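Two complexes are shown next, each including chain A; its partner changes from chain B in the first to chain C in the second.
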Partner chain A sequence: MRGCFAVPEPTVDNKLMRRRRTFIDLATHTIAVVGGLLCLGIVTAVLGWIILRGAPHVDLHFFWEASRESGLAGGIRYQIAGTIILMLTTLAVAVPLSIGLALAATVYLPRGAARSALQGFLQLLNAMPSILFGIVGYLFFFHYLGWGKSWLAGGLVLGWMILPTVTISLIKSMEAIPLKQIHAAAGLGMRRGQIIRSIYLPQSVRGLFTGSFLGLARAAGETAPILFVATVFAGVSLPEGIRDSPVLALPYHIFVLAQDSLQAGAIENLWATAFVLVALVIGLSLTVLPFRLHNSNRRDHA
Partner chain B sequence: MLKKSQITSTAPIYEPFVASPRVLLFREISVWAQGLQILKDISLDIPEHCCFGLLGPSGAGKSTLLQCVNRLLDLQPGFRVSGSIHYKGADIMSKHIDADHLRTRIGTVFQQSSVFPTSIYENVLFGLKRVRGIPRAERADVVEKYLRQAHLWDELKDRLKRPATELSVGQQQRLCIARTIAMEPEILLMDEPTSALDARSTEAIERFILSVRNQCTVILVTHDLEQARRVTDRIACLCAGEEGGEILETGCCDAVFANGACRQVFQRIDEE
Partner chain C sequence: MDSLLLKKRYRPDLWAVFSWAVLGLVLGVLVYTLATLVVQSLPAWREMGAGLLLKNDWFFRHGRFGAAGMVYGTIVVGLLALALALPLALGAAIWMAEYLAPRSRWGVKVLIESLAAVPSVVYGLLGVLILRRWMGEWLAPFGAWSGDTLLTGGVLLAIMILPTLTTLTEDALQNVSQRQRAAARGLGLTRGEVVWSVILRQAMPGVLAASLLGLGRALGETIAVYLVIGRMDNQLPERLFSGTALVQPAQTLTSKLGGSELYIALGDPVHWGAMMALCLILLGITGLCAGASLFLNRLWTTNS
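Presenting the complex of A and B:
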């Protein structure tokens, strides 16, 4: 039975058209599947490789013991401690700065040129190669301020590096707040600072978490920015001061072990450290997965 | 007092609030947005404790006029305003006026309700707590008082701690009203508050408007001619002219509804 819309009899043109449409449909579908599988395959291969090679060498002693013989023996106790110190400093630097920047970009700066300029600047900062952060940090802290290698310098450099990630994520969640809610609050006579405290900040906590953890996941694995300013390979434990207090760190440990990879013991410790670092980074990324899923759901429903 | 339905066409029209003191004086308000004129030379006197209706077709600038009174136009870029609005001897449009403080005295209920993502209880106190501060011990009473006034208490008294976003649109709008009158404003601006609501909420809000005039002056923008007849004491009819919205006629409902030019405008509103 026909419905209210009459379906025209297929003509030659129509058949051609239909074939073309089917082809386009099939092609896009294939590209999506191939791309997805390729991505999944590469990630699985790399992770599988690291797990296969690294996991057998990881045990409690490996976590707990300090490294010996230039990393050829022993564990990675102080590398883990150093990475945690660097991460905490990075957060302490990036979070307040990014809240300030995000508020500037959504509340304080006038709409138009100034806001676009700030967003453009953030994109630019995001695209900067990490080695540049390392070199700028080195010139500033080492040559200009006369510091030695320092955990604080490392945290500051990493903080600057992840600043755009955190800020852009925050800006997105602040821009998602309905304007009518801001107007409603203003209509009650609330001042700008009060609107920020009771509307903007509470409603962008998710954005802050997402951005911070993604930024941290990146910072945890970076070698280049801390190479010149914060880390040494061996000979230190926990920092005792600020200016001349280097730390050990996981990515730098991997970097140096890879250079000594011909020596016995280096390879096992290299894979084991890589395993710990990857577990740390994946752990940080997974922490914010619920937030990210929630956000994308919200977008779908909007 | 005569009922409006008892007035015949031959009887003299009763004009309420003619001798009342004025609370707001609009003087030659013109508004431009990106070079386009939205309002042209609006002059109006709003009597104290009346419900003043603004009627007109879409694009006549009714909402823009309200946003001049509470200075919310300041928050939106691209607007230019000339003229003055006198309130308690001061010009609202002056740069020296503290717009935030002004908005605590002139409350606004928007066309689209927007509750804050927190509990019903906290929504009522949202502005009051932050702007004026209220002792913990008085909070529950205040919430009850204003929810009652917004005809919402009976529906919600058992779930004050539930998120406000769970409420129906009509309940959300009444919650917005409760939140606004909790600030005890002297003037209440209502921008088509019932345009998207069910009959029950609309009726509750109209009852609220009729009762709240003892406390404050209401300026109501509405599309609904029958609603204007039911709740307003005086109305101004705006039309969308070539140089932005203008006032055609001001007076009590019967006088304005009797005006030929206004009737044409109302016909257009009905068609919309």
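Presenting the complex of A and C:
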């Protein structure tokens, strides 16, 4: 027995050792708590500052009035309208493309290298700096097609930008469909197209929602991609055509005003606009939180 | 019977057509984009050679394009942000994954992720209105002319990538199997020892992948950096790690590309080519980070 469970004889070092171990344990706990609290402090400071400075100036007039005196007075009516137009276009671009890509990645591409290459490509695309989307868009729509600034160009660029986010989320939920269901459907004699329509698509709506909302939250706040292709600071209300019809947008409004922030009148409007934009973006990403919570819980139990 | 079989005519799988078409379109656009960037940057490479990347000499009115200063600015700002944010993120991740109860962990995670959703232009605004003033006051004794410095950009970027870095790191720690924790505790290790000798050791590739992703994001960030960096060309110190360079304005690849020089460049093929070359350099640097992160993640998930 004693040979099997060899317990070291107590030595003089034991006390020192124990102290050392207690110290490591305490130090780790301290580092972790300090890091966590600092992180939380920064979060609260940033959000709190935006809310405290921005929220008092936001009222119905601010939403409803057009901006006057180059953003120094008035509200942000057309900036909100422009952002909504851009987001709807973005969605209309990203959703069909992502469905096609996700089907390619889960159904049509041969298993193995091709699928993982597509996934890798999507992750690389996701990490591409947003300014590059803007410049490539400028190159294509302005240089090549000869368009002016246009809401459609902005929506197309933003749609491409959020394509990986939506597709990856869609692929995840398609891969989570139980194989049993697919086999059962095939056993019933359904063709591949029918299986896609009645199993793959309805079962992955959750992933589509999650991805789209997260993507939109990113697209709504991005300035760099629409800087050159879609937005102006003032002088337009709602777009009337396609080719030369820019829009106003919330992030671009903040971007331009922030550059001549020396004027005192601009600052109140600036914080209020920032508050509206942050509320919109955080609202969008919190909407799909229950879905993501659900997914991660499943992972925790695995 | 025969007639029944004959009735079942061939129907093309329209979803397949659609899916392949989308795949073709996406790949086509990608190839078109890369090809255009390369082709349009050719005049500049032909004119400047490797000096476009290696020389610190950007005077577009004299037709001289050397982007070394911008590459330096980009890399220093990115590394600075990572160096400032990583210790905090790692501490916070350890706290969330190892010490917090699941319910409060989720509360903290939601709060931190909602910060990750805040748009970069809003961080830029915070930088312009608050951080720039503070940095201007703090750095004045060290010889800063104003609050628009390389360091300001680094600090702002650190705050920006902190939430992403924290959640990704926390995910990596969380991915270490619960059995490993239980086994280590069962051997009599304290919580602290479990963190250092089991969790961190196993999650290291994941943490590294998260840092690389964060670094890539910091390197490619435009708007916030644009607003606080000062945008001064040709700032390349003689020593690589120079303290004086940190308190002076600088230029990054992204702040150059986001500025109005793009409009000016449009008429001149060499100038435009130089801008496109900047795009390619930026794409190369961020692609390297993202690719390495992806590689680490794959390596790690196939091993365990």
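Please note the rule applied: the second predicted complex is superposed on the first by the 257 of 302 C-alpha atoms of A that agree within 3 Å, B and C clash if a C-alpha of one lies under 4 Å from a C-alpha of the other, contacts with A are read in each partner's own complex, and residues count from 1 in each chain.
As a working rule, a residue touches a chain if its C-beta (ideal position, glycine included) is under 8 Å from a C-beta of that chain, and two chains touch if they have at least 3 such contacts.
What you are looking at is a predicted structure, and each value in this text was computed from that prediction instead of being measured.
Contacts of A:14 after superposition: neither chain B nor chain C is touched. In the superposed model, A:181 makes contact with chain B only, not with chain C. Touch criterion met: A:203 reaches chain B, while chain C stays clear of it. When both complexes are overlaid on chain A, the residue A:237 reaches neither chain B nor chain C. With both complexes placed on chain A, chain A has more residues touched by C than by the other of chain B and chain C. Residue contacts after overlaying the shared chain place A:191 against chain B and chain C alike. Looking at the shared chain after the overlay, A:43 reaches chain C, while chain B stays out of its contact range. By the document's definition of touching, neither partner reaches A:263: not chain B, not chain C. Chain A uses residues 191 to touch chain B in one structure and chain C in the other.
Taken together, the chain C residues at the contact with chain A in this complex read 11, 13-16, 18-23, 25-26, 29-30, 33, 36-37, 40, 87-96, 98-100, 102, 106, 108, 110-115, 117-126, 128-130, 159, 162-163, 166, 174, 190-193, 195-196, 213, 216-217, 219-223, 227, 254, 257-258, 262, 266, 275, 279, 282-283, 286-287, 289-291, 293-294, 298. Taken in their complex, chain A has these residues touching chain C: 21-22, 24-29, 31-36, 38-40, 42-44, 46-47, 49-50, 96-97, 99-101, 103-104, 107-109, 116, 118, 120-121, 123-132, 135-136, 138-140, 143, 160, 163, 191-193, 196-197, 217-218, 220-224, 227-228, 251, 254-255, 258-259, 261, 267, 270-271, 274, 277-278, 281-282, 284-286, 289, 293, 300. Within the complex formed with chain A, the chain B residues making contact are 70, 72, 75, 77, 100-105, 107-108, 110, 112, 114, 116-117, 126-127, 130-131, 176, 179-180, 183. Contact residues of chain A toward chain B in the complex are 110-112, 178, 180-191, 194, 198-199, 203.
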